[in-house]
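In what follows, chain A forms one complex with chain B and a second complex with chain C.
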Partner chain A sequence: MKKIIAREKLPELWAHLSEQGPLFLPIQDGPVVLFQPWFEGAEINLDAVNSAVSPKDLFLPREETFMHYRCSGKQLEMTPVEPGEPVTAFGVHPCDLKAIELLDRVFLGQEPPDALYQQRRENTTVIALSCSAADPFCFCGDFGVDPADAPGADIMAHLSDDSMLFESRTEKGAALLEQAGDLLADAPEETFSREAVQTADFNLQLEGLAENLKDRFDDPAWDQLYKSCLGCGVCTYVCPTCYCFDVEDFGHEAEGERFRCWDSCMYGHFTEMAGGHNPRPERKERVRQRFLHKLQYYPEIHDEIACVGCGRCLRSCPVNLDIVQAIKALGGEKIEKR
Partner chain B sequence: MAEHNLEQIEKIREAVKQDLLGGRIDLLLGWEKGHYWWQSRPLFAQSEEDLEKLAWDSFCAVNLSRYLLEELKEHNKVGVLVKGCDARAFNRLLQDNMVPRDRVILYGLPCPGMLDYDRLAAEAGSVLLSITEENGQVVLITAEGEAKADRDEMLLDKCRGCIYPDPAVYDQMLLPPQGEKESPERFKKVEELEAMSAQERFAYWEKELSRCLRCYACRQACPYCSCRECFVEQENPRWQGRAYQPSENFMFHLIRAYHGAGRCIDCGECERSCPVGISLQELNRKLIKDINELYGDYEAGLDAELEPPLLTYRPDDPAAFSEK
Partner chain C sequence: MKSANLLMPHMATILDITEETPDIKTLRVVGKEGLPFDFMPGQCAMLSVPPVGEAIFSITSSPTCRECLEFSIKDVGSVSGALHCLVPGQQIGIRGPYGNGFPVDEMKGKDLLFIGGGIGLAPLRSLIGYCFDHRQDFGHIDIVYGARSPADMIRKSEVRETWREQPDTSVYLTVDAEFPDWDGNVGFVPNYVSELAFTPENRIAITCGPPIMIKFVLQALDKLQFSPEQVITTLEMRMKCGVGKCGRCNLGPVYVCKDGPVFSLAELNELPAEY
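Entry: the complex of A and B
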């Protein structure tokens, strides 16, 4: 099913969709764009190439309460949090959706699936948005992402100067378009043509990289690569494919909630064990873990590199220590054949 | 890159090369180019070959002094290229007894202020290919032609209020000084915040801090955050929870800011490092302003001999405990 709407009528569509349940879309918040729930007067920024933080937040929230507890005397009462209303994610770019598919393999690809993640995934209709432009940090082309198409979307959307086109890909997507009624008009079969988006080419040689890295755990390159790392968690938190989490309580002994939240392998406490031993005591081991997880460990299990070329680490690392630098330092750069 | 700039790099390289190859220092902390012309990242040079990568341009924003905390564990004597703020950061670490002065050689680089790529790109309008600089102007080169912009307008936020571009401490000054600058608007935003009602101010910070990811980039980039163990990581008692609640956001940022009272050198690395653009420098500047008003003007990091006001006691301290 193909539907079309004039660009100036989009706010009506957003208002309508948000009546059905939370509608997340790229909203300008101060100097950055973030996926946030729509509200009256929100400044929607569909022209932003990438949100500052990836929309993985929709499925693996930075904080997610799953249980309330209350304790009185020897009585302990635990109440699980009920699943929320159906959610619509509007304007997810192909690289970010590809990243969510990589997360699916982790959270849904084995028994038992992760119930919290599964519930959010099933509860969400994803309207993906093809990219009308790339910024200099985009290098998704290296990871088989097509900026014009997101195969895993419920609805694929394309934006032009004056209109937005929707094409349903799943039943869930078709139902959403149906339900929007008169707000959307039937779209002509021929869709508007767009110029191909050019992404950055860093001359990377990714084929065989995971295999080659098996022998590079003690490579001297690590001794240089980690040096500039500040040990903050920016890269892991803006990254669409990082998924480590921790579980904590908020409240006090008598009453509170248990939640899970993002954690980062860049933090010293991440692998610290009871008794104080830490198998990754310094920044070197932590930096190595982060990059090997993406480039070797994940591919060993799932046959794909856990990077989608969104470029957020290239943009946001305060000292420009990013995955491209790591790949190049570890033999992942194409060497010209003579 | 402008010839003027290449000359400067050559001058810097010659000076440090003698010391590195002659064994006066074991390591030089400088900058090298990243993937992009607008990124200059830390360089850890130990050889002549490493020094070939040395960069000095309008994008060397990263404060290098903080790396001394780690590098002095491995190296006996370390050379550091220091801009004005890097030098004040060094004094900060010195005052906290975190670095021994005699194991560091400081090469002073008076700083013209570092440029903000996002500003340049926005000003250019279309795809920005490169820039050149001349007479206080930046020439933006795009596929569609050239445009000029006032250099001061293209600076990083952190460089806009800079008063001391020249290193306050150094062993060898490598370039001609820039001279002190005026910053009439340094506390403008703070004054705007002060003029708000308490409720308005709370709402402002609650919204700003709601973006906080707790990635701790602000802390990790900060020269006053040099504690071996931060209160955030302390387990017993546990001060800082991980929930993304206003109370936890305020806990982290306000406690951090208070720890910087009289110690923050106003380098702005916290704000530059923040991936979600929280106006952290204003928190620090509020405390700088308060310290100035309560204890007399004090610029942290300018003089390592001058104790920070909150680390000293004088019988005639202007702010008595009992005063409101």
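Entry: the complex of A and C
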């Protein structure tokens, strides 16, 4: 099903969709764009290259309470908290949707499935948006991502100067388009064509990289690579494929809640055990863990690199210790034949 | 189909608590109806004490014990400390079982050499009890157990008396230094293993204890010509989920919580030594 809407009528569509349930979309928030729930007067930025933080928190929230507890004497009562109502995600770029598919393999594909993630995933209708621009840090092309198409979307959307085109890809997507009624018009087959977005070419040699890294655990490159790392963890927070989490209690003796929240392998406490032993005590081991997990360990299990070339670590790392630097330092740069 | 939230604990109750050593207690735990779940020796469970939190512990009872689960817990952290403060009848949260457990089928027909140090006897005891209850499946059983002092040994009546009475079983005890009334060996576990000169023929060695002990036990077994395939140990890492998702016990392509915690030395040699 293909539908079209004039660009100036989009706010009406958003108002309509948000009546059905929370509608998350890229909202300009001061200097950054973030996926946030729509509100009247929100400054929607569909032309933004990428949100500052990936929309992974729609499925793996930054923090989510999943249990309430009450203690009274020797009695303990634990009550589960279910994830909330159905959600629409509007304007997810192909790289970010590809990243969600990589998370699916961990949270849905690997037994046992993660029910919290699964419910959020099933409850969410994803309207993906092809990219109308790329910045110098976008390099999704290296990871098989097409900036013009997101195969895993419920609805694929394209933006032109004066209109937005929707194409449903799943039953869930078709239902949403139908439900919008007169707000959307039927779209002719050839609605508009657009120029392909050019992404950056960092001259990476990714084929065979995971296999080659097996012999590079003790590579001297690590001794140089980690030195500039500040251990701030921003790379793990903005990264769409980072999914490590923590589980903690908040409350007092009588009552409280248990929640899970994002955690970062860049922090010392991440692996520090009771008694003080820490298998990854220094930044060197942590930097190595993060990059090897994306480039070697994850591919060994799932046969694909855990990076989608969204460019967020390149934009955000205060010392430019991004994944492109790491890949190049570890033998992943194409050597031109002369 | 809707799956259950794997992070959601079940209710359990503490039956009783035994003080093993000045800093180790054994908690006996039941679910709402008997055992909270079935398991195999070497598997672990997450115990919850709100608002302190949740931590993973090895199950020290044998799966052949149908009354309760036992956990021998050393007071080293926040959750273990909270568990030490509890009293019988207190309800706690439990979820599991987690991990692969010991390869009991591969051990069948073999002589078994257990080498434990301090609280490291906790996971071994589950397997030892299982072997005693399936005695005909296994050959001779040797148990070497060491602690800093006689007072630091756990399951004292078992290690000193009842295990020795089992058929075709030898128990060797050692402590780090001389103590009054101590009639066992004096010396570190790895040295004692070397002195006892176990032969590798048709034998599997299973070791668990402090990292420094394991390191030298592995060297001692290597000198005694045990192959890496014949040596089995368990790893301890920080864990939060128990099902290979939260990321902190990741070692190369494995997650210790689900692919471990039991590994042969041959398997360990293939992994990054970050444990």
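One rule holds for everything that comes next: the second predicted complex is superposed on the first by the 337 of 338 C-alpha atoms of A that agree within 3 Å, B and C clash if a C-alpha of one lies under 4 Å from a C-alpha of the other, contacts with A are read in each partner's own complex, and residues count from 1 in each chain.
What we mean here is this: a contact is a pair of C-beta atoms (placed from the backbone, for glycine too) under 8 Å apart; a residue touches a chain by one contact, two chains touch by 3 or more.
Being a predicted model, the structure only gives us computed values, none of them experimental.
Asker: Judging by the criteria at the top, classify the pair chain B and chain C on chain A as clash or fit.
Answerer: They fit: once the shared chain is superposed, the two partners occupy separate space.
Asker: Determine, under the contact definition given at the top, whether A:V53 touches first (chain B), second (chain C), both, or neither.
Answerer: So A:V53 only meets chain B here.
Asker: Taking the superposition on A as described, I'd like to know which of chain B and chain C A:S160 touches: first, second, both or neither.
Answerer: neither
Asker: Scan A:N320 for contacts with chain B and chain C and give back first, second, both or neither.
Answerer: first
Asker: Going by the touch definition up top, name the partner, chain B or chain C, that contacts more of chain A.
Answerer: C
Asker: If you stack the two complexes on chain A, which partner ends up touching A:G233: first (chain B), second (chain C), both, or neither?
Answerer: After superposition on chain A, A:G233 lies in contact with chain B alone.
Asker: Please work out whether A:M67 is in contact with chain B alone, chain C alone, both, or neither, and reply first, second, both or neither.
Answerer: second
Asker: Could you tell me if A:Q224 is touching chain B, chain C, both of them or neither one (first, second, both, neither)?
Answerer: In the superposition, A:Q224 contacts chain B only.
Asker: When the shared chain A is used to line up the two structures, what angle, as a multiple of 10 degrees, is there at the CA centre of chain A toward chain B and chain C?
Answerer: 90
Asker: Let me test your reading of the model: by the given contact rule, A:E248 touches which partner, first (chain B), second (chain C), both or neither?
Answerer: A:E248 contacts both chain B and chain C.
Asker: Using the touch definition from the top, say if A:P112 reaches chain B (first), chain C (second), both or neither.
Answerer: Touch partner of A:P112: chain C, not chain B.
Asker: With the two complexes overlaid on chain A, what is the closest approach of chain B to chain C, counting only CA atoms, in Å?
Answerer: So the smallest C-alpha to C-alpha spacing between these two chains is 8 Å.
Asker: Indicate the residue numbers of chain A shared between its chain B interface and its chain C interface, in ascending order.
Answerer: Common interface on chain A, chain B vs chain C: 246, 248, 250.
Asker: Tell me, which parts of chain B touch chain A in their complex?
Answerer: Against chain A, the touching part of chain B is residues 34-36, 39-42, 44, 62, 66-67, 70, 208, 211, 213-217, 219-221, 233, 241-245, 269, 272-273, 275-279.
Asker: Taking the touch rule as given, give the residues of chain A at its contact with chain C in the complex, in rising order.
Answerer: 66-67, 69, 71, 74-76, 78, 80, 106-107, 110, 112-116, 118-119, 217, 243-253, 256, 258, 260, 263, 265, 270-275, 277, 279-280, 285, 289, 292-293, 296-297, 300-301
Asker: Chain B touches which residues of chain A in the complex?
Answerer: Touch residues, chain A against chain B: 29-32, 34, 52-53, 62-63, 136, 202, 224, 227-228, 230-234, 236-238, 246, 248, 250, 259, 261-262, 264, 267-269, 283, 314, 316, 318-322, 324-325.
Asker: If you look only at chain C, which of its residues touch chain A in the complex?
Answerer: Against chain A, chain C makes touches at 2-9, 11, 48, 50-55, 76-80, 87, 89-93, 211, 236-238, 240-241, 243-248, 250, 252-253, 272, 274-275.
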